[in-house]
Amino acid sequence: MLTDWEKQRTERRTRLEAGSRYANGKLVASEKTKVLLETVIRPGDRICLEGDNQKQADFLAEVLASVDPSRIHDLHIVQSGIVLQAHLDLFERGIARKLDFSYSGPQGAALARALTAGKIELGAVHTYIELFARYFMDLTPHVALIVARQADRDGNLYTGPNTEDTPTIVEATAFKSGIVVAQVNEIVDKVPRVDIAGDQVDFVIRTEKPFYVEPLFTRDPASITENQILMAMMAIKGIYAEYGVKRLNHGIGFPTAAIELLLPTYGEQLGLKGKIATHWALNPHPSLIPAIESGWVQQIHSFGSEVGMDDYMSARSDVYFVGDDGSLRSNRLMCQTAGLYACDMFIGSTLQIDLEGNSSTFTSGRIAGFGGAPNMGSDAHGRRHPTPAWLKAGRESWDGDRKLMRGRKLVVQILETFGEKMAPNYVETLDSVAMAEKLKFDLVPVMIYGDDVSHIVTEEGIANLLLCRTSAEREQAIRGVAGFTDVGRGRDRKAVEALRRRGIIRRPEDLGIDPLAASRQLLAARSIKDLVTWSGGLYQAPSKFRNW
Amino acid sequence: MSNPVQPNEADWYEASARERIDGLLDPKSFVEFLGPEQRAVSPHLAQFDLTGAFDDGIVVGRGRLDGQEVFVAAQEGRFLGGAFGEVHGAKLVGILRAARDGANNDGPRAVLLLLDTGGVRLQEANAGELAISEIVDAVVKVRSAGIPILALVGGRAGAFGGGGIITACCSRIVVSEHARVSVSGPEVIEINKGVEEFDSRDRALVWRVCGARTRYLTGGADRYVKGSIRDFREAALALIRNAPSFDLVTLVAEQQRLMERLQRFGDCRDAPDIWRKMGLPEPERIAELDDDAFLAIRTKGADHDAR
Amino acid sequence: MTLDEVLAALFPAGHEVVRGPSGTLHGTGTVEGQGKITVVGIVGGTPLGVDGAILLSGHVLSVVKADQHEPIVVLIDTASQNMARRDELMGLNEYLAHLAKSLALAAANGHRTVSVLYGHAAAGALIATALSAQSLVALPGAEPSVMDLPSISRVTKLPLDQLKELSKSTPIFAPGIEPLFATGAVTEFWGRDQPFANRLAALLREPPLTSDQRDRTGLTRRGRLLARKIADQVAEEARAHA
Amino acid sequence: MEQFQVRGTTERRAGGNRDRAVIGVNASGNLEVLVERVLPDSECLVDVATAVTGFGRIWEAVIQEFLERTSPGGLKFSINDGGARPDTVTLRLLQSVRLMEDEA
């Protein structure tokens, strides 16, 4: 019997032919979107409805959530971000059933409710690279609904600075006989640059409204507190300078924004310019503008873009990755890979840390997802190239034969002892443990495992976990910087003082920092307006951040 | 590139009420009246489960401005939005009455009001409202006695509600870019009239409607300064020298000025519409200019003696 | 009470009052012992915006200009200030301040100023009209307020019922004639059975106060216990440091 | 709202010769501290009014540590708190002691 080796290709042709009835070439009028989707999607399909960390295929999401559930149902959603209401509506309305994703952010609480109510069958919560990897293994989409700024009539797409996940999604879909549908803001005769080649795109829909992008990486310097500045000073002096960290990634919290704003002032005073923080895997944080303008930064590759930063990045092509057209090209998969293998340090916040140093952003009733932090914040065992920072970290933690010593990534958690509403950030047991039990997860969600963490920075001091040799030492090191939380007050004072003598715990005074010197006057910019001024007017702050 | 944001230049917007006074007046010249150690705390807040402030959110006293005696009152915009309560308002009333009483003797050369307020404190709304009316009355009497009163606005709470009305009762008004001077707050308008009428989250719009640049260009403020405390000091020094008197001539001129504004711009919906009618270059860009470029715009709006 | 009833009751000897745009009115009324006095007003529940305010201040200033020193009665049945983006864009704060200043100037120039509240007045409109005359008379139906209780509840995050309960024990925040009377805002309240014309004539015969005594009144009426004391204390310290 | 006092005995008089100082603002997540030199040199006192209830034990620990660290003899601290976190409380207390050390 003859084997049919082209079932997928045949299936693709059938769907394309059916869909092309609603198209003029590749172009589909926006009002025909619903019937197009009902034609090219089949029950049970794996669908990537492009919902990235930042940009959203919001129009296609709305339309997909409005299709007839008797025709389209049991979809398996495979996408990095569950961010829009429409994403959850798919499950509420019975259009989709199964979910594999990475990040949920603002929908974390609604997602937890839908899971509890049995509306969603959860595959797994992934990191970005992990989900992308599975696109090429066992979660390849049948249909990808993607988003770009512009298209030409041949389907060539220009994503603008928010390229993000699109090349990865299209690669997996188009070369495995899937169907690619793109929503775009504009149809043009010629796109400024080709981010996605037209032969990988089947249908293009121009929408009335430009697609939605959330300014996720803008931290208003006006909200940075003196204690965050103190933590930033300790991190710069006690970690960046000590290890000579040049290649790094920052999380999005206020303490790291404070570090960015202290480089041109406090960092300059310490004589660190050129010696630290020169190469970055980083979204275009507006708070890094003063450091860039002061000549600290040589190069930045970005996962995505940031609202208002387009003109600035275009004008700073020596620093950012910019196409010949003059606009930023971001790429989440590439940048995650850079963060995993080419960064010597990750530093970021989280929501809870336990006594082993495990951290989680899953607090009661919220499934926040992982995003990229677990990859940024893990020591890649596949790394083989040495740097001084990596080797020094390795030396501190290594007990074995020096000849075969490997280096280590610095993974720094920078987190105040208390969070919103006096909730302790340092706890005996992560909330995610109880949540996993309640939702019957096979795996407790952990953002960064304790054995990957090298340092914890709080307003009370720095705990160097690399130097700890026993779990008891680790526990006391964490308690010793956990301030007045129950965990902190439960410390063994003698043990903590012993750790301090060994340099495992370092207080501000141990680092030669006067806590009262931690003033907002040290910030290179104290407001969003200051950032605009630093940029020479090139940074256009989103309206919600303005106070002018 | 050198640091365009001066790290040691004290910023009005960032500063507390006390820091503003310290930077505004001659060093160590400030003497506070009814200071925090006297604990004139609002008795009305506890029933709302709120803790008070030892100065009830306003610092009043006297000091010197380039050697000249002045009275000063500064609202703390971060304590309950700088709102007027019973004690808070009465402290301002008291210092204004003292200024008037001293007019013929060794009274102050001027009174400086550092407004930073959302308006009436709702937990003591009636007392706050009445205090505002008493302040308006006292401002008029101080001005009638020949003592200029300057309003200095550039804090995070702006000058809303009665604070906006008091501002416009002063002899001269100084604003910096962050200032908003208005009666109804954008959120209040949005809640009452809908988001179509006023989208309070569109912050650029908020500043185009209530902000310093709009006020300055249409004559609602007399001086626009860059944001340092020193800039406010210099403006205050210059303005107390030539403040308008409070009399029929001034008010008739103000009547004329305000009528003309309505006639010229009454059908405008947004600030660029006004700026276009004024013949200003690139009206859409004015909100985006830096302070130096903005100050280079020559207009007639702010240049008047009718307040 | 309707406007016509109010006018008839205040001026039984006759009045000539015309309605203007934006809810304004102006004209004259005859009062025993005073002859013709000036009447201005904002009525019909009209919110006070830039257009109404500039008309009212215009009327007041032309009376001051005429230099006849006759009393000015301000009739009030408004709402709050006009909540509109356009009015704020025009600088409503200046228009309301200008109206308040015009009334203050009239008083300083020898015009006895009396506001008569017979309907609503709230927030900024209350300040610029009712509270800007030397005396405030409240008639039946007067509903002055700074902010309504639901709005206070929203801002203070206290449940409405709790606020209502609280307002029984203190006049410091609740809307209405009684609390505002207690705090010293309202000079006199005339009940329905009172002869308004006589009361007005009597009020106008009294010598005008040269200084603002509302905080003292609030103390006497036990509605505002601290304001006078605090203001006096500050003024005393100012004199001591002179 | 909650009010309480923490008393301490001290080894020495706090430095400087200012009679009083005030620092901070009672705002959300922040606090104001009024310091007065009104007690005998061997005593100190912290008087707290806080908008947030139920954290008395943490306050006690924060204040005890502060008193041990600075030994502010003769000083009375009065706090109006708007829900500040312990790190902010410690910072303001330290700042207030530093202010008292300034020349009068």
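Going by the order they are written in, the chains are A, B, C and D; count residues from 1 in each one.
To be clear about the criterion, a contact is a pair of C-beta atoms (placed from the backbone, for glycine too) under 8 Å apart; a residue touches a chain by one contact, two chains touch by 3 or more.
Just so it is clear, the structure is predicted and the values come from calculations on it, not from any experiment.
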Exercise for the section: Can you figure out the chain closest to the middle, judged by Cα centres? Expected result: B
Exercise for the section: Pick out whichever of the two, A-B or B-D, is joined by more C-beta pairs in contact. Expected result: A-B
Exercise for the section: State, to the nearest whole Å, the distance from the C-alpha centre of chain B to the C-alpha centre of chain D. Expected result: 33
Practice task
Quick one: report the Å distance separating chain C from chain D, using the average Cα coordinate of each chain.
Solution key: 46
Exercise for the section: Averaging only over C-alpha atoms, locate the centres of chain A and chain B and give their separation in whole Å. Expected result: 43
Completion exercise
Distance between the CA centroids of chain A and chain D (whole Å) is 41
Practice task
Mark out which residues of chain D touch at least two other chains, giving numbers and ranges.
Solution key: none
Completion exercise
Listed by label, touching pairs are A-B, A-D, B-C, B-D
Exercise for the section: Write out the stretch or stretches of chain D touching chain A in their complex. Expected result: 52, 55, 58, 61-62, 83, 85-88, 91, 94-95, 98
Exercise for the section: Within their complex, state which residues of chain A touch chain B. Expected result: 264-265, 290, 293-295, 520-527, 529-530, 533-534, 537, 543-548
Handout entry: chain B residues touching chain A - in the complex, by the definition given at the top
Key = 1, 3-5, 7-8, 11, 13-14, 156, 177-178, 201-205, 207, 211-212, 287-288, 290
Completion exercise
As the complex stands, chain A meets chain D at residues 225-227, 416-418, 421-422, 459-460, 483-484, 489, 515-516
Handout entry: chain C residues within the chain B interface of the complex
Key = 50-51, 54, 57-58, 61, 64-65, 80-81, 83-98, 100-102, 104-105, 108-109, 123-124, 126-128, 131-132, 146-147, 151-152, 155-156, 158, 166, 170-175, 179-180, 183-185, 212, 214-215, 218, 223-224, 226-235, 237-239, 241-242
